[in-house]
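Each of the next two complexes has chain A plus one more chain, namely chain B in the first and chain C in the second.
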Partner chain A sequence: MRRRALLRALALLGPATAFARPLRAFADPSAGEPASVDTLPRLSGELTLYLGRGEGGLYEDIIAAIEKRNPDLELRIRRGPSTALANTLVAESRVGRLRADLFWSIDASSLGLVTRQVEPPAIPASLRDLLKPGFRYEHWVPISGRFRTIPYNPQKLNVAELPQDVMMLPESDARFGWAPAYGAFQSFITAMRLLEGDDATGAWLEAMAGKSSEFAGEFGVVMAVSRGEVDLGFANHYYTLRLKQGRPDAEVELAFTQNDAGCLLNASGIAVLRPSELATDFVRHLLTSEVQSYLAREAYEVPLMAGVPSPEGLPPIGELKPPQVDLERLGDLQPTLRLLRQTGVL
Partner chain B sequence: MSRFSLSHFASALVALAVLAPVAVLVVLALGADVDLRGETVRLVANTLGVTVLTVMGAVAIGVPMALATAHCNLPRRRLWLALLAAPLAVPSYIGAFAYFAAFGTGGEIETLTGAAVPAVRGFGGTALVMTLYTYPFVMLATRAALSQLDGRTVEAARSLGATLPVVLLRIVLPRVRSGIAGGALLVALYAMSDFATPAILGLDTFIRSIYVEYNAFGLARAALLSLQLLALVAFVLLLESRVGVEREAAQEKLEITLGPRARTVLMAFMLVVLAASLLLPALVFGVWLWRDGAGGFDPWLAWNSAYPALLAALVTVFVALPVAHAAVRGKVGRWLERIATLGFGIPGIVMGTALLYVGLQLDFLYQTVALLVLGYVLRFLPLAVGPVRNCVARLDANLLAAARNLGASPFEAFTRVSVPLLLPGAIAGGALVFLEAMRELPITLLLRPTGLETLTTELWQVYEAGYFGRAAVPGLLLIAISSVALVFMLSGEDRLTTRKASRGI
Partner chain C sequence: MQQWKPLVAVVVGVVCLAGISQTALAHGEFDEEQLAEFEKHMDDFLEEIEELVADVEVIVSKPQPGKADVDALIEHWEEVGVHAVIETQAIVTYPGVWQGIILLQQQVEAGDSDGVVAAGERLKAALWQSFGAVRLAAHQVQTGTAPSAAENEAATSGPETVALIIADLEQAVAEYRADNLSRAEALIHETYMSRFEGLEGDLIARDPDLVSQLEKDFNATLPLLMQRGAGVDEINGTLKSMKAQLQNASSILEAVEASRSEVF
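Take a look at the complex of A and B:
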């Protein structure tokens, strides 16, 4: 069903329909607007892609569509958790046996590790320039964004009472849900460390620890919010949107803080480990209007390119104020773990 | 008979192979410092506590189920047995997540029926869910031990006036003690090395710290923590080694005749266990399937799951033979067997990572089915060694000598005496390995050839993304294939036992 929809989209969607709801915040004049897949050369040859997670087959649908359009492309895909694939790539590169041409990771911290330890060559400027200035990294290409959000239960909580500053949340007497063992949460705390310093972050964790229930993952957090087990929580935006896709009447809404780690815009991205024209052209396919709008529509991911409609259920992106953080530094997790342990959160 | 034989040599090789990943861990752990700030005590307490509780629960369910399915006058015993063993086919994260989602305020049970049910979480919840998915280890091991029990001693006790409960407690159970302990050991190792259940139900155990470090790119620290966990595993192995082994020659099969009321109670208990372990997750995933709709599904995934698992089962049984053979021949062999047992206590992610490093040194193995199968074999070897050892113990050298004296060629003696005696254990052990390999996730993710997707990798992928509806089809298929395989293997085992009995061996 979805696959057919995308194939149809790749075949029929002209740029005209994709530009129905342009993003003000990302409509940067210096960033080129995404090209249609029709303008790209056909891909042919062999490529090995290490693919982090894969979003329940949604990325697979994209890859299937790319394969269908390029019958001469032989794509070998290895799926796994992004962190496990990053660890694998580091082990491979240590003995000089790198097996992947590309690494598509769901989180920037895994890309940060690979950038430091595998040292992939720089991304060609022609690719980098397709993205908004804040998202032009030297060794990897962001593909889509994910916001940190505060999912809350509207039955339990009035959103107007919520502070707009994540650092003020400990003053609330609400009950929180969080997933401290989960990678996205640790990236959030790492961002807080980078923005507010270790001492303020430690104090925040200590104050929050007494008010928070722990869950294994952030989907669990969102479910607990919707059942009223906790009043609000910390989770990536798409978990809430996906829960509501299955149960539109679920009691959970999204709140956003401003200019702090609470509304961090993290990114999934792709690193080119063994450069070739084919690898670059493959990445170019992921930055087309068709793929970008499919990611936004079906996976609720935030497009990082101008002119692509944002996912349904998110406020207009222009109203959101994510902080300025160097995403590559989010891979510096050991000090974060130390803080989480010192405060008894982990 | 020489004290050290070819099987000792082979067994020592196997023990070395199991120790290779441990050596990799030691190398990886060099220079690591883990500052857990006194956390270690709590982690050890949680890990051991939940292990003890799970073992108690698994014994409480597994032993009665073994008696019921093998020796009580129940209709369709083989079907009951297959169903009661089927929870072994349910991946732990599927079972745990079903419980997480079904129970508690606002859970699926409350949503659908309006009845308030308490949450299944934390210490008790983890032990409960782990019990439901590990009791078949105890059931199968106890069943094997019971099959070697001589029914005439029970008859004698009954004729002297002992009631059924007294007979069970004082005559039957003490003599299958080592079988129960063997099953309990597997449960304990499983409980110590399973990640998903405590993680989903919110209990802080050793392995969660290992995952946290691994995911935060602290490989050295993850390795050091793994070594600490292995010390705990070794401690449990030592405890098990203190349970003695008694053997007797079964002359007559034990039969227990229950009255109608006892039968009803027993069958109700079995139904409750099945409802809790199989029906509940099936219903939860069914509800999600109905709510979210199914995604596309590639039927080749089933084959991709089955053939490495099948290969693993065959190789493991083959490797288990010398280990079991050496183990029944004395102390050295028993110690080699215990080292081989260590593998089931090494968490999958740790075993996978260690073998990934081994594979990178041996390029022809890296990302091949062979390396994946090796990972399964090293981890699941103890599952096969137990049942095979029970059969090897009955393989008397005199029997072979007798066959040869009667004019059989060595080959004929092997095929007509050794093989029939070994097959039931080989089939039972192979079945266990097959089931565990089918539901295994972390080793599969790390070691499989690029592009090989299986039912469990598909389940992982949709589960991680929160598309539970799409987990229904591969999840149910995984359970279905495993159950069918189980029925085949159990009926094969039954047929062999019957044939053996009719030949009077």
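Take a look at the complex of A and C:
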């Protein structure tokens, strides 16, 4: 089945065609090269880490590996949803009882909340400079990223028929799948608000609502695309890559828009709340070539250090064009939720 | 076409499924062993909550409470054992206590007597709400419908997390039977978001249909059955099916974790 071609005059996007201009941050020659863990000093002393849940046991594996390599490190860990831990840190900070040295969150919005309200000290330049430009935040360190993507069914759609601009998608008569109650989707809409404004985002949601089927999670979106129940959808990149890993013949491919919320690169990250050499060196471990490679290999996360290969199945990172968005502002969810409700999407 | 309504918009209740510290961040003389068996110390916690509430009432009743009064309250809150238990067993309610203290502190500093009274009421409510959440958690442990703190603490592997998910689902069904529909839905939603979501990645590559079916069951099948007041047999049938799928997931995760590459 073919869908009405739209906006053919626009440049094409898709797995092979959408990557003409490198992202400034990834192409910058001053981007840091990751060090091997072998070059780092051994960790010794006590650290308290607040760890947001996510990525199954992979973050736990990394922590266990760091502990095994550093037997003199006494790591105290408190686990919970990133948002709950961020709220706790804010509360602790207000009464001057901050107990965490580090806060490792799976989402940048929780880090944004902590950055605004706890005001942790600035990240040492020696640490910040290890990251690629564009990911050098003053108060937290991005660890790994995830792209917003457009999974599509190649049996239903020709990638050449898709616009490179996510804001043009409402003009398509394709059938979409989305998961509006999902945190990643809400971050995507928040990014759209920040980039395009509330009015344009509201109009986009209204236009898309009639074309979109709703799913509880974004893996459900990807599966619906692969089964042909919808033509395309909105989801983070790793669902499709994971599915293709197990089922290489699954009828789903990834397309990317350009310089808009549709290809947002969100990140997990860590904030140093009580600065010390030990805390800084702990963060350095997360930026080693070994940990960055592990996250790309096992979690399909996007490494944010130069020289570390992308997850298998993702186009070369330098060819993608995510928008320049202050990830800390993705925590500004209330206006997004209001828009989703006003438009009947939620 | 499968279309699921946004059941995930269910508001998470006071039931806390959230994190547990690996090493205790305990306060005062409340040690790790006590924290691991918190359900045996509920009388002590009740007494401590009553003491804290009394502290608040003393502050509120003073004509001109001062900074030292609030500082003393904070010191007391930091010392009591119930602090660590709320912090670990009721993490969702924990910030509310601090927020109540902060508000009280602000009103005292502003010299706003009406504001002090209102803040005091809010703080007392937050303390009781937290105690209620701890008591519920203790009840779950005592009745075998929830993992102990020690078990929860150790749940960092896939199979261990699956065991917690199953315990959460059993508790949700128990809540449904007790006519606590909103609490049952909140439990299902929270265990899906906080626990199952983190396991999906490894499962998708091995058995995407299993993940897809479980996503549907978490977000549609089971909650919808509850919403329409389905009978116990029907609910138990779905629970049994989900448990079988989760056991399958556990076996897959065990194999995945055994074959995972080294970090360093």
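FYI, the second predicted complex is superposed on the first by the 316 of 346 C-alpha atoms of A that agree within 3 Å, B and C clash if a C-alpha of one lies under 4 Å from a C-alpha of the other, contacts with A are read in each partner's own complex, and residues count from 1 in each chain.
Definition applied: a residue touches a chain if its C-beta (ideal position, glycine included) is under 8 Å from a C-beta of that chain, and two chains touch if they have at least 3 such contacts.
Quantities reported herein were computed from a predicted structural model and do not represent experimental measurements.
Annotation: superposed three-chain arrangement on chain A; chain B versus chain C shows a clash.
After overlaying the two complexes on the shared chain, residue contacts for A:N259 are found with neither chain B nor chain C. By the touch criterion stated above, A:Q342 is placed in contact with chain B alone, chain C being left untouched.
Residue contacts after overlaying the shared chain place A:E92 against chain B and chain C alike. Legend: residue contacts after superposition of the two complexes on their common chain; A:Q186 is shown touching chain B, with no touch to chain C. Once the two complexes are laid over each other on the shared chain, residue contacts for A:L333 go to chain B alone; chain C is not touched. Applying the stated contact rule after C-alpha superposition, one finds that A:L113 touches chain B and leaves chain C untouched. In the superposition on chain A, A:A65 makes contact with chain C only, not with chain B. Once both structures are laid onto chain A, the chain C stretch out of 56-64, 92-100 or 110-118 that overlaps chain B is 92-100. The interface of chain A with chain B overlaps its interface with chain C at residues 48, 53-58, 76-81, 84, 87-88, 91-92, 94-95, 97, 99, 181, 214-217, 219-220, 223, 229, 239, 242-243, 245-247, 346. The part of chain A that touches chain B in the complex is made up of residues 1-3, 48, 53-58, 76-81, 83-84, 86-88, 91-92, 94-95, 97, 99, 113, 181, 183, 186, 214-217, 219-220, 223, 226-229, 239, 242-243, 245-247, 331, 333-334, 336-338, 341-342, 346. Taken together, the chain A residues at the contact with chain C in this complex read 37, 48, 51, 53-58, 60-62, 64-66, 69, 74-81, 84-85, 87-88, 90-92, 94-95, 97, 99, 180-182, 213-217, 219-220, 223-224, 229-230, 238-239, 242-243, 245-247, 250, 290-291, 294, 297-300, 346. Chain contact summary for the complex, chain B toward chain A: residues 35-37, 39, 100-101, 104-107, 119, 199-202, 208, 211-219, 288, 291-293, 295-296, 349, 353, 356-357, 360-361, 363, 366-367, 445-446, 450-451, 453, 457, 461-462, 464-467, 469-470. Note for the complex: chain C touches chain A at residues 1-9, 18-23, 25, 74, 78, 87-88, 91-92, 94-95, 97-99, 101-102, 105, 156-158, 161, 193-195, 197-202, 204-208, 211-212, 215-216, 218-220, 253, 257, 260-264.
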